[in-house]
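Per-chain residue numbering starts at 1, and chain names A, B, C and D are given in the order in which the chains are listed.
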Amino acid sequence: MKAVRLTKKGGSLNLNDEPLPKLGPQQVLVRVHAASLNFRDQAALHDQYGGSVKENVVPLSDGAGEVVTIGPDVTRVKVGDRVTANCAVHWISGRYLPEFQSSSIGMTIDGMLADHVLLHENALVHLPAYLSYTEAASLPCAAVSAWSALHVATPLQPGQTVLIQGTGGVAMFGLQIARIFGARVLAITSSDKKAEKLKTMGAEAVVNYRAVPDWHHEILRLTDGKGVDKVIDIAGEATIVKSAASTRIGGEIGLVGFVSGFGGGLPPIDILSRSLTIAGIAIGPRTSFEALLAAMATSQVRPVIDRVFPFAEYREAYRLLESGNFVGKIVIDVAH
Amino acid sequence: MKAVRLTKKGGSLNLNDEPLPKLGPQQVLVRVHAASLNFRDQAALHDQYGGSVKENVVPLSDGAGEVVTIGPDVTRVKVGDRVTANCAVHWISGRYLPEFQSSSIGMTIDGMLADHVLLHENALVHLPAYLSYTEAASLPCAAVSAWSALHVATPLQPGQTVLIQGTGGVAMFGLQIARIFGARVLAITSSDKKAEKLKTMGAEAVVNYRAVPDWHHEILRLTDGKGVDKVIDIAGEATIVKSAASTRIGGEIGLVGFVSGFGGGLPPIDILSRSLTIAGIAIGPRTSFEALLAAMATSQVRPVIDRVFPFAEYREAYRLLESGNFVGKIVIDVAH
Amino acid sequence: MKAVRLTKKGGSLNLNDEPLPKLGPQQVLVRVHAASLNFRDQAALHDQYGGSVKENVVPLSDGAGEVVTIGPDVTRVKVGDRVTANCAVHWISGRYLPEFQSSSIGMTIDGMLADHVLLHENALVHLPAYLSYTEAASLPCAAVSAWSALHVATPLQPGQTVLIQGTGGVAMFGLQIARIFGARVLAITSSDKKAEKLKTMGAEAVVNYRAVPDWHHEILRLTDGKGVDKVIDIAGEATIVKSAASTRIGGEIGLVGFVSGFGGGLPPIDILSRSLTIAGIAIGPRTSFEALLAAMATSQVRPVIDRVFPFAEYREAYRLLESGNFVGKIVIDVAH
Amino acid sequence: MKAVRLTKKGGSLNLNDEPLPKLGPQQVLVRVHAASLNFRDQAALHDQYGGSVKENVVPLSDGAGEVVTIGPDVTRVKVGDRVTANCAVHWISGRYLPEFQSSSIGMTIDGMLADHVLLHENALVHLPAYLSYTEAASLPCAAVSAWSALHVATPLQPGQTVLIQGTGGVAMFGLQIARIFGARVLAITSSDKKAEKLKTMGAEAVVNYRAVPDWHHEILRLTDGKGVDKVIDIAGEATIVKSAASTRIGGEIGLVGFVSGFGGGLPPIDILSRSLTIAGIAIGPRTSFEALLAAMATSQVRPVIDRVFPFAEYREAYRLLESGNFVGKIVIDVAH
C-alpha cells in the first residue's frame, strides 16, 4: 500500500510503499478513496500538540472508502460497504473521555493519507447513497464538530438563531446543519465576496468584521437586542469576547478552534452576567456522526468543497490549507 | 410593618414603618424571622448591577419565616407553615430565563429585610423540622448557587472530586453538599486557620493560596495529575485560569462569583484543550432548593453561621459583610 | 362578559352573563377570539377525571385572543398583544410537578369558553404574526402534547422515523412537527380516505389498521425490521402493545391519550426486551410551546382545522367532538 | 485453560481443557479469580433468549481477575492490574445501542466461567483496593442494572425515596446504592426473616407482600399518599401494576427483570394518569460501572454474597440459583 507518514522532528511528510497490515479481531481494512484536510492537520504537522501526535503516523482523520477485508468477529460492516470513520475510534456515544485520545485517527493511530487504512469496526459509519467518497471524506472532523457545537447543553431546535464565523469547514457545516434544523443563521466574515457565498447558502445576515469591528453590536441588533441562542466560535483568541457579548442570556457557545491564536481571554463576569454555558468541543461521538448523516440525507445536503487534489499533490493540498485562501473543504483524491 | 428600604442614589438604607400589604390571588404574607446577607447584597447597595435593582426596594433575597395570611387561590402553603423562598419567584424548574429577573426577591421585588414579606406562592419552600429560621434564612442564594454549580452539565455523584474556593457562604455550602453526596472535597483558602476549619468540615486537603500561589499544580498532584471533576469558582478574575488548569479533561466549572473583580480572562485554548464545560450560575430553580433541603435533611446538615445580628443592627451586618472577616453566613434576626 | 360554565353533576353546559373579573398582581385580562376542543374536554364533561375538575368551571384549555387589561407588576405582555396560553399556568420550564394541576386552564381554573379570560402572565405565549386567532387557538393542548411526546428521553432529530396514530389533533400536529424537523413519518389510520389526507401532509407511508390489524409487522417492514425511533401513542388500550412492537431497540413512546379505553396492558417483557422508554405525557411547559411556535414559524406551518363554529353553537362543537367524524381540530369562534 | 461451555441444545454445561487464546490488538488476557451468577444465566441455560446466545459459549458475564497478558496497542491496563469487566464490551458511555448485543460477555462472546478470559480493553474496569475478587465478581450485571434503574430520566438524589423488590442481587445493590446517595429505601419481600435482613441493611420500612397483597397501598401510606420517586421493578408480570400505583406523579420505574414471568400487563392509563417514565434496563455502560465503584468506595460498601462455590461445583451453583433460596449473590471461586 502507499502511505504518507509524518515525521514530527522536521515536520516532513513522505510517501512510502508498505505491506498491507494484518487484520486482528473486529478490525476492518478500508480502501481509501478520498481524504480531507482540517486546520488541526496543519497544527499536527507543525508539532503544536505537545507531543501527542504519534511519531511516524499516517496523518489525516478524515477519509472515506470501501471495505475490502474484514477480520474475525466483525459484525457492523461487510466487504464492499461504503464507509467513513469517526475521528475517535471508540467514542461511540455519550460524553468525551480522555482515553479516546489513544485511538484518534491520524493523530495517535494511522490515518487516511494512504490508499488503505486499518480500523476497529467501532469507528465505521455507513455512507448514504447520495454522497460521493469525496463528499463523505470532508465530514468527520469539521461537520461532527459543528454538530457538537450546536448541541452544547440543549438540542438545536427549529426557530433558534445560530452565529457562525468565517467560511472554513466547521462554519460551512454549522450553517448547513442549522438550516436543516430550520434554525436562522447569522454570520461574520472578512470579505463581501465571502458574505455573498454565505447568503447564497442560507445565512440570513452577514457582518463583515473588517468593516464592522464591533460586529457584536450588529448581531445584537439583528436579534432585537437579545443575542443568538448558539454560537460556534472558531477563531478563539480574536472572537471569544465578542461571541459572548453576542449570545442571549442563558445561551451557549461551542468552542471549536484556535485559528487566531492561543492567547486572549474571556473575563468570567461576561459568562456570569449572561448565564452562559461554554464548552470546548472534542469533535464528537459516532452516534452524532450518524445523526448528522441522517439529517443531511433528509434534504440531500452536500458539503462545500473548495478543491480536490490528486494523491501525488498532497503537499500542494497542505499548502492551500496553510494559505487560508479557500471556502469549505480541501480534499485529496487518494484513489488517483 | 417595619421594613428597611434601599435608596440607590447615595446607597443608603433606611428603616420605615409601613402598612401591611394587601394580598392578591396566590399571594402569601410571611412573618420574617431571619434574613441573611450575600456578596450580591453589597453589590446592590453600591449600585453595581447597572440599574437593575428597583429604586427603594426592601433588600435581601434570603429569609425564612412563618405564613401569617394567604390570599385567594393559594394551594401550596397554609397559615402557620414554616417557609423560606427561592430567590427567583417564578423559576420553579428547568433552565434559567431572562424573565425571572423581574421577580427577583430583594432586587426587583421587595425582599427580606423587613418583618413581613409578600410573595407569590410559587416562591415558597417548606422547611424541614430540624432547621431553625436562622439556619434556613442562610440558604436561598448561597446554598442553591452551590448546588447549581455542582450540576452544570452532569449530576454530582459519590466518589467525584470537587474543588471549592475560600470560606464564604457558597464555598461552605459547596463543601457540605459535596460531602452529603459522598464526593471528595479539595479546597483553597488564604490562611492556615481557615484551612483547619475546612478540614474539620470534611475537606480532604486544603491549599493555602497565599503560601502556594501556583495552587493548581497542587490540585493536579492531589488528583494523580488528572484534575478535579467539578469546580465552584467564586473569585472570578483571580482564580478562573487556575480553576481551568485544575479541572480534568471533560470536567465542569460553575462560575458563581466575581469577588476578586470584573476583569481577568480565560484563554479559549484552556477551555478547548481540556474539553471543559463552564457555566455562569444564576442561583437556581425552586426544585433544586427543595432537592437541596431533602439532601441536607438526610444527614441533618446545618449551615455554618458566623454571626447573628438583631434587626436594629442591620447596618453592622452589612459592615461585617464588607470587611470579609467571616466564615459562612451573616444572619439578621428580624424578629428581635 | 359571556361565559359558558360546566356543571359536572349532570354534565351540563350553560351560557351566563357575568361581570368582568378584577385583576390582581401579574394578572392579565384577555379578550378571547377563538377556543378549541380536545378529547379531554369531552372527558371533563362526562366527569371522567375523578373529581379533579372544578365545579362550575369555564371549560376549555385552548384559546387565543388579545390582551385588553393588565394588572399591577405585569412585565411579559402589554395591552394589544396577541396571545395564547399554556394549559398549565405556572409550568414554565422543566419537568412536570403535581402542583401544576391546581392551575390547569379549563379544568381547575376558568378557561377559554368565554369572551374574556383572566390569567397569570406566566401562562401567556405571544403569537407569531402569520397565525390567526383561530389557528393559534388550536395549539395549546394537542400541539404541545405532540411536541412533548416526540421529546421523551432524547430530542427529535432530522432523519429519525416517527409513528403517529389516527387523524386527531395530536396526530396531525405530531406529523407536522416531525416534518419540520426533517423526520420521516409513518402513520396508521382507519380509512383509505384518511390515509390519503395523511400522505398529502407528508406521511411517507400509511397503514390502514382495519385492513391490516397486525399493522406493527408492516411498520417493522417499512423500517427494515428495526422499528421506529419514536411513537406518539394516542389510543392507549387498543394500540400500546403494537406500538411497543413497532419501536426500535432503545426507542421511545410518548403516551398521550386513552381514546380507546382505560383497560389493556403492556407486558413488562415487551418494554424490557426492546429497552424502551415510555412516558405518560402531561401536555408540556410554556417553553416547549414557545419552541413549537418558533419551529412552526420557520416553515409557516398552519394547523389542520376541521370546522369553526360560532360561539352560540358551542354545543354542536361538543357533539362533533363526540362523533369522532373530524380531521384535525374543532374550533369555536368566541368573538362572533 | 479450563473453561465450561454451554451447549444450548440440551442445556448442558461441560468443562473443557483448552489452549489459551492468542491476543489481537487491544485485547487483554485476564486470569479469572471469581465469577458470579445472575438470573439471566439461568435463562440462557434454558435457551429463553430466542437464539441470541452463542452456541458453545463460555457462560457468565460477571467475573473479576488479574491481567496476565496484553496484546498490541493496549493502553488502559497493564499486566498485574486487578480488573472486572462491563457486560457489554463496547458500551463505554451514552445510551444503549443494538450493536452492543454482539459483544455481550457470556452471551455472544466467551465469558467468565473459565480460568482465563480474553477481552477487548474497552470492557475493563479497575477494582478499588478494598474489594476482593469475590466481591468484585458479584457486581457487573446486577449492581450496574440497579444503578441504571435508579437513573432512568433524572439522577438519583439524596432525600429521594426508592422502592426495591425482594432480596436478589439487583434489589440488594439497589438498596446499597440508594443508601450511599442518602436516599430513603422502602422494600417489599416474601418473608419476615428477609424483611429483617433488609432493615439491617438500611431499608426504612419493609412490607411482606404475602401478608399484604395490596402492598402498594402501604407504600403510598409510607410516602404520605404521594408515592416513591423511583422503583426498581424486578418481578415484572407480578409487580408492575402495583409498582406503577406506588410511584409519585412524574416518578420513574426501571424495569430490570422478568422473574415472575413473561405475561401480565400495565394499562396505559396507569402510566398516563401519573405521568410516569418507565424504561427497560439493558444493564449499563462502563462509565456507570466506574461511577458505581467510586460511589461504593466512598463508604466501603461490600456486596452481599450468599455463598461461594469452588470451580468444580459450578453445577451446584446453578442449582442454588434455580432454587431461589438465597439472599444477594452466588459466586464461583474459579481459582480454586
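Operating definition for what follows: a residue touches a chain if its C-beta (ideal position, glycine included) is under 8 Å from a C-beta of that chain, and two chains touch if they have at least 3 such contacts.
Please read all numbers here as calculations on a predicted model, not as lab measurements.
Shared contact partners of chain B and chain D, listed by label: A, C. Interface comparison, A-C versus C-D: the pair with the greater number of contacting C-beta pairs is C-D. For the pair chain C and chain D, the distance between C-alpha centroids works out to 40 Å.
Among the residues of chain A, those in touch with two or more other chains are 95, 97.
Across the complex, chain C is touched by residues 155, 157-160, 180-184, 291, 293-299 of chain A. Of all residues in chain D, those touching chain A in their complex are 24-27, 71-73, 75-76, 90-95, 97, 99, 102-103, 109, 120, 122, 285, 287. Note for the complex: chain C touches chain D at residues 95-98, 152-154, 226, 233, 236-237, 240-241, 248-250, 255-258, 262-269, 271-282.
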